[in-house]
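Structures for review follow.
Shared chain: chain A. Partners: chain B in the first complex, chain C in the second.
And now, the complex of A and B:
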């Protein structure tokens, strides 16, 4: 069994339109590194200065990794990783 | 062009007025590929701010799972500006993550939260580029599944 990684619409340009790709690794970091090997360019959309981007949400088995160890969150075969861009904005400059 | 039914349009305006002076936000989901905003889902603004909105991350996951299960996509993503015009801010543009969606902005500034007309405008935001589009408000959608679903309510 592998790790199922669900890709949001806006990043499917990196995965030839695939909404689900196979991942591997024992942490979220390793899964993302493997994703980058398979789909060059995607890592930069997820990570900034070694941290998950503020406006990208990553979940392992429905848990936001912000609450489970961030990029060090462990993953194992059979797990599902979901990537979703934040839905956010507003009149303030960020 | 965004075509939206009157009831959904009015519900978005009501939501924006209710949450004023904080920004209100939500989604109108519709069948994938239909471009029909059929199911209004008002969301909590986790930022609870007059100048920023963000869906709670847990709510966001549940929303996308539910849409997946229903073969839906976010046809409209809406939010309000409460003291500025109904035009995407630089933040709105930078954070726009759904290139297929209509981004609706409403403005409740200048007392519009209490009475009078509320600006209701729609945009495409793709690769940092904003394109305003016409909004057509209709009584209902003409044909197909959506009309039937509405008729059952």
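And now, the complex of A and C:
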């Protein structure tokens, strides 16, 4: 079993239109490095100065990595990594 | 309980235990029933607080026009208060919200300017900011950046919970304007810092994120990441599943965003059980399910409900 990485629409130009790609690695950093090997150019859109870009949210099994160890957050086979742009207000019917 | 007017009855909502959904006597869930506010949502607190602050600061006078980007609840709350105090209110609302919200806003006297579905609330904010620039005499209270929004929860929601449940260990709420989490979070940081603050963020379908450029995202001006300890992204399937469990197991009929919050609360509860910790987890019931009946969330299979919610701003 591998790691499932979900790609937002805006970045699918790097993945030949694929919305889900296979990833590998033991941390989010390693998953993104592997992603860059397979889809050159994508890393620069996600990472800046060693951190996720301000308007990029990355989730491992639905939990925001900014609260679980950032790019060092551990991942394992069977985990799902979701990448999403930050959007306005979701909840409680703003 | 007796009040001089409806506005005076905002807040002081019940906190009820969840005997069936709580995983064990040591890990208990508690629901803060914000649907029991006058217009049926937690937004009554923020709306009243923002209007009172604007009046105090001299920004609002009788006959003034209030403008607000809102997907429904805040607009309904603002309209209820505005009509009684003699203000005109205009809401900029994404066109992909439920029909009930439009009907309710109109009933309470708000005028609606629709914003494009693609882009969701981001677009509503952008359109409202444009209108505010064109009409400098209109007053945009701007829930995403108005400290009076968070203060309503610093002064109300947080202290009410600590008063009713001094043993509280976790507070779980939805992340929209971030006002609830920022206000209650700041209250707990100051008064019981060991309380963990957990955010549940709805994850929408492709349409909502589709056009977003990664360099033009939106983070509410109120947001301060140091006020929260964990943040869960919850998709429509889990939100619908949980909102159905809540009514089936505990009799609480809540809106879909509450399902997302309950999902995060149960994830937190499972972690506490696994770690062998005692926990009293409070989560917010933002509103009742009435406004969302037409979305199809409460009938048919989960697959059907998920399909119907795709492309809608369900929370």
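The criterion applied here is as follows: the second predicted complex is superposed on the first by the 87 of 94 C-alpha atoms of A that agree within 3 Å, B and C clash if a C-alpha of one lies under 4 Å from a C-alpha of the other, contacts with A are read in each partner's own complex, and residues count from 1 in each chain.
Quick note on the criterion: a residue touches a chain if its C-beta (ideal position, glycine included) is under 8 Å from a C-beta of that chain, and two chains touch if they have at least 3 such contacts.
Since this is a predicted model, take the numbers as computed values, not measurements.
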By the touch definition at the top of the document, which applies to A:53: first (chain B), second (chain C), both, or neither?
second
Name the contact category of A:25: first (chain B only), second (chain C only), both, or neither.
neither
Considering only touches as defined above, state whether A:45 meets chain B (first), chain C (second), both or neither.
second
Scan A:82 for contacts with chain B and chain C and give back first, second, both or neither.
both
Touch count on chain A, higher of chain B and chain C
C
Which partner chains sit in contact with A:62 here, chain B, chain C, both or neither? Use first/second/both/neither.
both
Shared chain A contacts, counted only where both chain B and chain C touch the same residue:
8-10, 55, 57, 59, 62, 64, 66, 82, 84-94
Residue set of chain A touching chain C in the complex reads 8-11, 45, 53-57, 59, 62-64, 66-68, 82, 84-94
Interface residues, chain C side, partner chain A - complex
41-43, 70-74, 97, 101, 120-122, 124-125, 143-144, 173-177, 180, 199-204, 206, 208-220, 225, 228-234, 255, 257, 260-261, 267, 284, 286-287, 291, 313, 315
Can you tell me which positions in chain A touch chain B when the two form their complex?
8-10, 55, 57, 59, 62, 64, 66, 82, 84-94
Within their complex, state which residues of chain B touch chain A.
23, 25, 27, 43, 47, 49-55, 57-58, 60-61, 64, 73, 77, 79, 81-84, 88-92, 94-100
